[in-house]
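Below you'll find the structures, each written out as structure tokens.
Two complexes, one shared chain (subunit A), two partners (subunit B, subunit C).
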Partner chain A sequence: MKRRDFIKSAAIGLGGLLMPADKSDASLWETFFQKYFREMTPEEKKSVAKRLEKEYKDKTGVSIDIKTNEALPRVKFGYGLDLSRCIGCRRCVYACVTENNLSRKPQVQYITVLEFKSGEKWVSDLEESRKYYEHETVPEPGHFYMPVQCQQCDRPPCVKVCPTGATWKEPDGIVVVDYNWCIGCRYCMAACPYGARKFNWADPQVPPEQFNPNTHYLGNRPKFKGHVEKCTFCIQRTRENPGRYPACVEICPVGARKFGNLLDPESEISQCIETKRVFRLKEELNTNPSFYYFFSL
Partner chain B sequence: MKGKFCAAVISAVVLLFMLHGLAVSEEGFPKFTTTKPPFTEGIFPCTSCHAAMPPNKEKRVLGFHTEIQLRHGDNWCLNCHDAANRDMLHLASGELVPFDKLYQVCGQCHGNILRDWRIGIHGKRVGYWNGDKTYSLCVNCHNPHSPKFKPLKPLPVPAGPTEIMKVKGSVPVTIEEKKIYIPQYDK
Partner chain C sequence: MIEFIIDLIRHIIKGNKMYYLWLSILGFFIAMGAIAYFGQVDNGLIVTNMRDQVSWGFYISNFTFFVGVAAAAVMLVIPSYIYNFKPIKEIVLFGEMMAVMAVTMCILFVVCDMGKPLYAWHIMLHPNFPASLLVWDVIVLNGYLIINLSAVTYVLYRAAHGKEYKMSIMWPIVLLSIPWAFSIHTVTAFLYNGLSSRPFWNASIVAPRFIASALCSGPALMILVFQIARKVSEVEISNEAIQKIAELIAYAMGFNLFLYAAEIFKEFYSQSIHLAPMDYLFFGLEKGGVHHNVLVPFTWIALFCNLTAFIMFLNSKMRNKFFSLNVACVLILIGVYIEKGMGLIVPGFIPDTLGEIYDYLPSATELLVTAGIWAIGALIYTLMIKTAIPIYKGELSLIPKGQRRKVPVHH
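The block that comes next holds the complex of A and B.
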């Protein structure tokens, strides 16, 4: 036997031994050798989505649809949140959990609603805020509320620190994560100044009957233990054509949440920026968010 | 004579421009569809009862419609409702306005809010961000007789960092015809 052949067969044999014996099916091989998502052709993306759909069906018996559609041309998403209207009711938090198939146990939530006392130091120092407020009814008199979620920065520090390129900014402005490429090092969580990235500490559990079957590869598809995830402006809804509003926008009982195309001067978000006093959270960090807080009163 | 003729022509042109401007702004008003006013079942058309009743314009406490607690403006029905045509509202000018265009009535006092509503900053739109969308009318969110929002019960508090595994399950609640899931905790 030639030396070269020996090394080859030894490597293949070793590879075979390393594969878990109970799961050595084609799906596992494909998962192991999956290409980098951004380098895949549309067909390759579709076949990966098919594989993931089958995996979920085999596991739960429920059929889901995983889309891989790309960003729409001439679209840059922007989000507005009216701080003079928000009442801190947390409906957005759970509309998001439901839409994005976020793990119920361990609990994962993309939106954090912060409560501040009126007159309290706030934007510059979120340490004073309360996340675990419990009241009979909201708004609590003498308090105001600020929901925080991914700000979809134009200079995202989370993308900069990712050692594997598992997270990147899409042309329509959404910062996405490829859960199959993420190694769970949580550098991005440390880098994000908004606490917007969430980690799956254990196998995420969503009852199959509660699972939203309309999913996107870069959004609310089935997730697993040990990777980071984040708000994607409901990529599975907003990237349809015509695109629906994100779930948090549609559930807000006071209409405090605005969403649209920053490149369209008629969109709600462009009009907010044009006519209202807007600010972006922690502007001094030069992260350049696409998320605008404003006061309509 | 010539001067008078010129003045008449100029004023006619100015009037035409003004009318055109009004038509354009009215046309562009609900750019998309608006929702329907949420009438109590069986209450509309109002003329089904009021047609047989002579209008009494005197400001008073009503013997009927007692379920309505009026806390808006100077608290008198006929500020917005029309005495002669009960199925319509009216502007301060006396011009009649149908119920599904009631934003014109509200906008008389709340002009800045109406301006924001038109461009999508005030109120709520549902549907498609780049397609058909539905505007909520003022009365779909605000009770016109008592427009200030009533406090709401907040949804459950999130689990603390050490409690993320102490979730018993998630149960559905229906909010505005949407089913969303909220957690149930062990404690």
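The block that comes next holds the complex of A and C.
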């Protein structure tokens, strides 16, 4: 018996004590002993997705699709944000909430839009920022805006600290979380320099009729309380072939958001990096984000 | 063996009114804590005051403090074995039992902080080692628990046979436990220290300060517990041993305050933007017309307690009088509990990485669960003492009844 198998059977024995014995629902067992996503075979991934689809259907009566497709070859996603265009309207924030089935109560949002007074300190001292601005119209004169979301770092501190490996960087550059493997220790939240990781403090509530049925296992599938989640560049959209833009890019009314393949020199994002003076947030921390800020004007 | 267990139960249930009152108080807090915890499991961690901005709070603060207490054993192990200082040697066992108690409490605090505690076994199936310091911490804390449990069990097992423990067996355990005690501090300090996203923690002074403050709080707690133990039971703990521990606390506190001063100087003199967490601790931060200062009174109380205790410990007259010694110990416990608990964890998150200030104080659930874990710790220690003392006195023995003779316990 291999060591890992031994530990596993020991864990199963212990689990037996913790789970109600008379529970006829086999999916409870399957949920509890579900394997680590990265160690599943493609068939296992499919069957887990099927089970999760069925669970959601049984609970709400709504059919959804949970994809498990892998990264496309020769693709590494990059993101550009034009600070001279952003007006701080927060449409991206809510498009993201709808697309990614984020909890409406309590509210979970992947994107934070920060407001700064022109001429005040910013970038390295975000303390001067305002997160809860409530103007009748935007942009507020004399202010500018900087949306922040997961920077999909090449050297992600969150991945480094995760004790179970429940979060990792995919070949196409997206940092993902296996919600079922996450134990909810929140060490990644302490480690993330961008406030990008969100915890489900309570059972996330999304009205079933508003639930986006096009989901990915590593992205916007149904979530539950006690685990961490984060922006995945809308993995359910961007991994389609042909891929679609992330919801925040699509919704932006001023075209401040750019997205594309960093490995393709002709892509819009590569062109931005090539021709604009770009910067990345908190460069001094050496996280090497795939998220570039720039000024077009 | 069965006879031993029956005897053991008989000894544990034997006690006066005070003992039963004590047990009922502990039972009450454990029950309250359990109810609060099940509420937390049911509703999620939303019943705490932690949020995305301050994602660790009172549980992790308590965890950090008790890692410090856990290493108290080493304070006693070093002088007793290396210098063969007899009065302390006799109480090492009680120090090791305190380590067992404190590490158990640490594990409970971490489990209560987890969003999905039932899945904690994922760490064993797929540990992110050596990258994640949390895996290191799981290893060193459990290792420390095993080491101290083995030492306690071995010493008691020998005593139950009416024999002294063999140094040839104790030496390897002791040699291992000393660096291991330092490792639980260092690894726990590195857990915070290694995060470049949190400037307040990302200072190399964090690990040394951890050790210095732990060498104050752990022994201070022991001094108090030993006095209670020798009052309520017939265990003999010499004044000399207690005085020696007090002397060690004085040095440790001096060192702790020096490191603290170094940190305060660096932050307040250089006035970089990374001063904010320290500023928040001592004076509060102004943002959007709101003065955020919930931790300010605690910070000053801690500083006052630590400074006063240091002066009291330095003065050998005050140190040698039990009343002033105990006052100083209580002051140190309060001071270090604030400084190494909330005062270390919460400002790491303030301001948060995007500059927001979220004032955190624990919720009722957090307070109740924490009180429950404290009570579990106290219960564990009480039961361990109730087992150890009769064994030491020869009243509880593994020797068959007919072959027993009076064993001289005290040397």
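By definition in this document, the second predicted complex is superposed on the first by the 276 of 297 C-alpha atoms of A that agree within 3 Å, B and C clash if a C-alpha of one lies under 4 Å from a C-alpha of the other, contacts with A are read in each partner's own complex, and residues count from 1 in each chain.
Operating definition for what follows: contacts are C-beta pairs under 8 Å (C-beta built on N, C-alpha and C of every residue); 3 or more make two chains touch, one makes a residue touch a chain.
Every value quoted in this text rests on a predicted model; they were computed, and no experiment measured them.
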{"item": "Combined model on subunit A where subunit B meets subunit C, clash or fit", "value": "fit"}
{"item": "First, second, both or neither for A:Pro106, with subunit B first and subunit C second", "value": "both"}
{"item": "Touched partner set for A:Leu28, first subunit B, second subunit C, both or neither", "value": "neither"}
{"item": "Partner chain(s) touched by A:Val148 [first = subunit B, second = subunit C, both, neither]", "value": "second"}
{"item": "Partner chain in contact with A:Arg130 - subunit B first, subunit C second, else both or neither", "value": "second"}
{"item": "Contacts of A:Ala166 with subunit B and subunit C, given as first, second, both or neither", "value": "second"}
{"item": "Which of subunit B and subunit C A:Trp201 touches, first, second, both or neither", "value": "both"}
{"item": "Touched partner set for A:Tyr36, first subunit B, second subunit C, both or neither", "value": "second"}
{"item": "Which superposed partner A:Pro193 touches (first subunit B, second subunit C, both, neither)", "value": "second"}
{"item": "Which superposed partner A:Ala71 touches (first subunit B, second subunit C, both, neither)", "value": "neither"}
{"item": "Overlay on chain A, subunit C to subunit B nearest C-alpha distance, Å", "value": "6"}
{"item": "Common interface positions of subunit A, toward subunit B and toward subunit C", "value": "106, 112, 131, 201-202"}
{"item": "Contacting residues of subunit C [partner subunit A, same complex]", "value": "43-46, 48, 50-53, 55-56, 110, 113-128, 131-135, 138, 191-192, 194-198, 273, 276, 287-288, 348-349, 351-356"}
{"item": "Residue ranges of subunit B in contact with subunit A within the complex", "value": "116, 119-133, 136, 141, 149, 151-160, 163-165, 167, 169-170, 172-173, 175-176, 178-183"}
{"item": "Complex contact set, residues of subunit A against subunit B", "value": "72, 75, 80, 82, 87-91, 93-95, 97-98, 104-109, 112, 131-139, 201-202, 207, 210, 238, 241-245, 250-255, 258-261, 264, 267-268, 271-272, 275-276, 296"}
{"item": "In the complex with subunit C, residue positions of subunit A that touch it", "value": "4, 7-8, 11, 14-15, 18, 32, 36, 39, 106, 112, 114, 124-131, 148, 157, 160-166, 181-187, 189-195, 197-203, 225-228, 285-286"}
